[in-house]
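Common to both upcoming complexes is chain A, partnered first by chain B, then by chain C.
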Partner chain A sequence: MSGSLVFLPLFLKATGTTIWLSWLALLIGAVGGTLIALLRTSRLWPLRVIALLYTEAFRSVPILIVLFFAYFGAPVMLGFDVSPFVAATFALALHASANMSEVVRAGIESVGAGQWEAALASGMRMREVMRHIVAPQALRVILPPSVGVYITVLKESSLASIIGYFELTRTGLLVRETQGGGFGPLLALAAIYFILSYGISLCGAALERHYAVGGATSTDAVVGGMA
Partner chain B sequence: MNGAPILEIKDVVKRFGSRTILDGISLNVVPQEIVCIVGSSGTGKSTLLRCVNGLEDIQGGEIRFEQTRVEARSKSIKAVRMRIGMIFQQFNLYPHLTALENVMLAPMVVHGEDRKTVEERARALFEKVRLSQRINAYPAQLSGGEQQRVAIARALAANPHLLMFDEATSALDPETVGDVLAVMRDLAVEGRTMLVVTHEIRFAADVGTRMVFMDQGKIVEDANPREMLAHPKTERARQFFSSIRG
Partner chain C sequence: MNYTFTLRTVFPYLGGLVPAAELTLTISVLAILISMVIGAVVAVMRRSRLRAVRFVGAAYVEVMRNTPLLVTLYIVYFASPAIGIRLSSFTAALLGISLNAAGYMAEIIRAGLIAVPRGQFEAATAQGMSVWQMFRHIIFPQVFRTIYAPLGNQFIAVILASSLASAVAVEEVTSWMETVGANSFRFFETFVVAAIVYVVLCQTINLARLQIGRMLFRQPDARR
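Now for the complex of A and B:
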């Protein structure tokens, strides 16, 4: 195993690639999921139905199939090739957005009708209620399960190896081939994924404590840190 | 206690599906009147308040507040809500904001006032509701009576022309009801115009300038509180008053 340290830079670089890929997918997924969640809670039923179909469709289809559609289907349907990176980001983000939309919806709905009424009665517009009353309270409900979504995206990103994208898993498998098999590289892969996931969990827990009721909030900026 | 009405409610009908909640309500309120609305649960008292500031839309009749027609789904509703302060049974304080921030939010966000002016006024309001020492507490750290007094300060912060109390003491422990009623008494003495849905008949008799008895979506009696309590004109009101006196 002493010679395997040679591969350390390679593993580090691949870890960076995996973090970048999954983070980007999560970011797009969170934005998309929030939009879908707003449609889900819309007053217009056609919008609600579209959002529901979207969520159910992408939660039900295995991500590998979505990935194949993006990678092999795009040239056929759109007429141009997409890189493995783009296909992987797209597939992961679609999946993440479906999951995030449920998380965000639950967060929005956790804020009671009384909060809406008090804010509306004071003359706030819908958008102002969303920003000052609903969003800060919903965020606290959304945060813990989104950590779970991120960990899922991180692990799902290993599927990008199948379409030839050199993220962590693909790199580990390549190293294994050059070494003529063996468990070493696989163990290294497992360890790195574990460290990443556990690290994310710890960060999530720290954020949760920070945003616990009674702590500092994003609305402090509005009312102007006077506490 | 005379002059043009601040609030005009005319033949208002409110339905939820096929159920009629308000069945032709007419009521005018002039400045400095304290109108106490009493009656059994489910007779539409709270719904009436919620129609006045457009939290509910109406299916018939008309409501005007300071000449502006109240339309729940129109843009003009904001101007109406800005001039009416509402206090809810369940307080509905914003749990993620401190007591002070709760009071300051609407004047800053809705009325666009600057922080310094608002904070000065807010601190004075906390003195008025006797909660100056709890200014930086979060709602979860306050008792029910304290939360409701913060909610009253919040409603006052925007300098409303009308205050509406929707069973403000019904969710409180008996020992904290008095604190909230005392603050409401102070407001009455100040000459505030108030529309009060309440089960506190003693308060209504002492503080109210007028009592409205509602039954099954209709106003059955409308008189001076002491007069109505002493001589209810209808059998329904007689039953109600004797039942709540126990």
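Now for the complex of A and C:
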């Protein structure tokens, strides 16, 4: 184990890459997910159907085949190469947006109909109601489970290693090879992921207690799934 | 962009899709069953009177839920020869997915057990029921009602997770997509076909869950 300390900077750098990749995917996913959630709660049924199909499709297709499609398919179809980073961000963000849309929708729906009616009755426009009445209340419900979505993205980002992106998992495998096998580096990988993920989930739990809202929890399988 | 979508191009490869889909289904079903057994044991451990046993149960759940499945798979796949066991790709994938899924399953079952009030256990015992009778007639029906919806989600999660078996060289649907795509350069078509397989599998469970839920429980609160 003494020799493996040499690899510590490498692991730290790779950890940074993993955080950067998953964080970026979450941000894009959050924006996309909010849009989908707005469609999902729209008054026009075709929009609702489109949003429903989008969410259901991405929740019943494994992220790995989306990743393969983005990475291997795009050069053939579009005629330009896609870097592993772009492909991974794209696939992770698509999946995250489907999960986030469910979280945001639950948040919007948690705000009672009376709030809408009261705000509209007091002369606010739809946009104003969303911005000043619904959003602040929904945010309390949205934040804690978003932590769960992030943890899912963080773990899913390990799949980027399969298409050759040098994040944490890929680095661990590489270190394993240079050491001629063994599973010390793999245990190190698991430990780093655990520290990151468990630390964040503790923050999520604190956030949840702070806002003290019941219902879905940050570690709910509904918004995460296994990864 | 002069790529035309022609599903016909993947027809010659569809013969290989059948065993691949069977493999996906086999891994999923077995992983669900195994993870339910391990999950039930861990859930009961977490309710033990002994602190050490509770800790082991909790540690198992947290470790499995906070490490990526891919890393679990690699550890099982690469570590088993190191301790003298040679697992086939299939066994390693099945074991890795089951161990990981058990962490989630344990939490689902635990939530079901928590939802049953203490008084139910006490009343059943006071009625002179044996432990088996109590679980069979009093506890299980109530637990089942609570865990029914999350259980369906978990089944779907396991099917999706089975795609990672391709990373340890199991030739299931995802692996089929990768191989056929690389051979024929028809990535879009292979993607669509693979996606259809997964959507059909997952939505079958989803719709069956809603339908059965409606039959079992009057109130259709089975959704999510």
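We adopt the following convention: the second predicted complex is superposed on the first by the 205 of 227 C-alpha atoms of A that agree within 3 Å, B and C clash if a C-alpha of one lies under 4 Å from a C-alpha of the other, contacts with A are read in each partner's own complex, and residues count from 1 in each chain.
Rule of thumb we're sticking to: contacts are C-beta pairs under 8 Å (C-beta built on N, C-alpha and C of every residue); 3 or more make two chains touch, one makes a residue touch a chain.
For clarity, every value in this text was computed on a predicted model and none was experimentally measured.
Of the two partners chain B and chain C, it is C that touches the larger number of chain A residues.
Touch criterion not met for A:His210: it reaches neither chain B nor chain C. Contacts of A:Gln115 after superposition: chain B is touched, whereas chain C is not reached.
When both complexes are overlaid on chain A, the residue A:Lys13 reaches neither chain B nor chain C. In the superposed model, A:Ile133 makes contact with chain B only, not with chain C. In the superposition on chain A, A:Gly123 makes contact with chain B only, while chain C stays out of contact range. Common to the chain B-facing and chain C-facing surfaces of chain A are residues 219, 222, 226-227. Against chain B, in their complex, chain A makes its touches with residues 114-115, 117-125, 128, 132-133, 136-137, 140, 213-214, 217, 219-220, 222-224, 226-227. Across the complex, chain C meets chain A through its residues 1, 3, 62-63, 65-72, 74-75, 78-79, 82, 100-101, 104, 107-108, 150, 153-154, 156-158, 160-164, 166-167, 173-174, 177-178, 181-182, 185, 187-188, 191, 194-195, 198-199, 201-203, 206, 224. Per the touch definition, chain B reaches chain A in the complex via residues 53, 55, 78-79, 81-82, 84, 86, 88, 90, 92-98, 100-101, 104-106, 108-111, 115, 119, 136, 138, 140-141, 151, 154, 158. Listing the residues of chain A that touch chain C in their complex gives 56-57, 59-65, 68-69, 72-73, 76-79, 151, 155-156, 158-159, 161-162, 169, 172-173, 176, 181-183, 186-187, 189-190, 193-194, 197-198, 201, 219, 221-222, 225-227.
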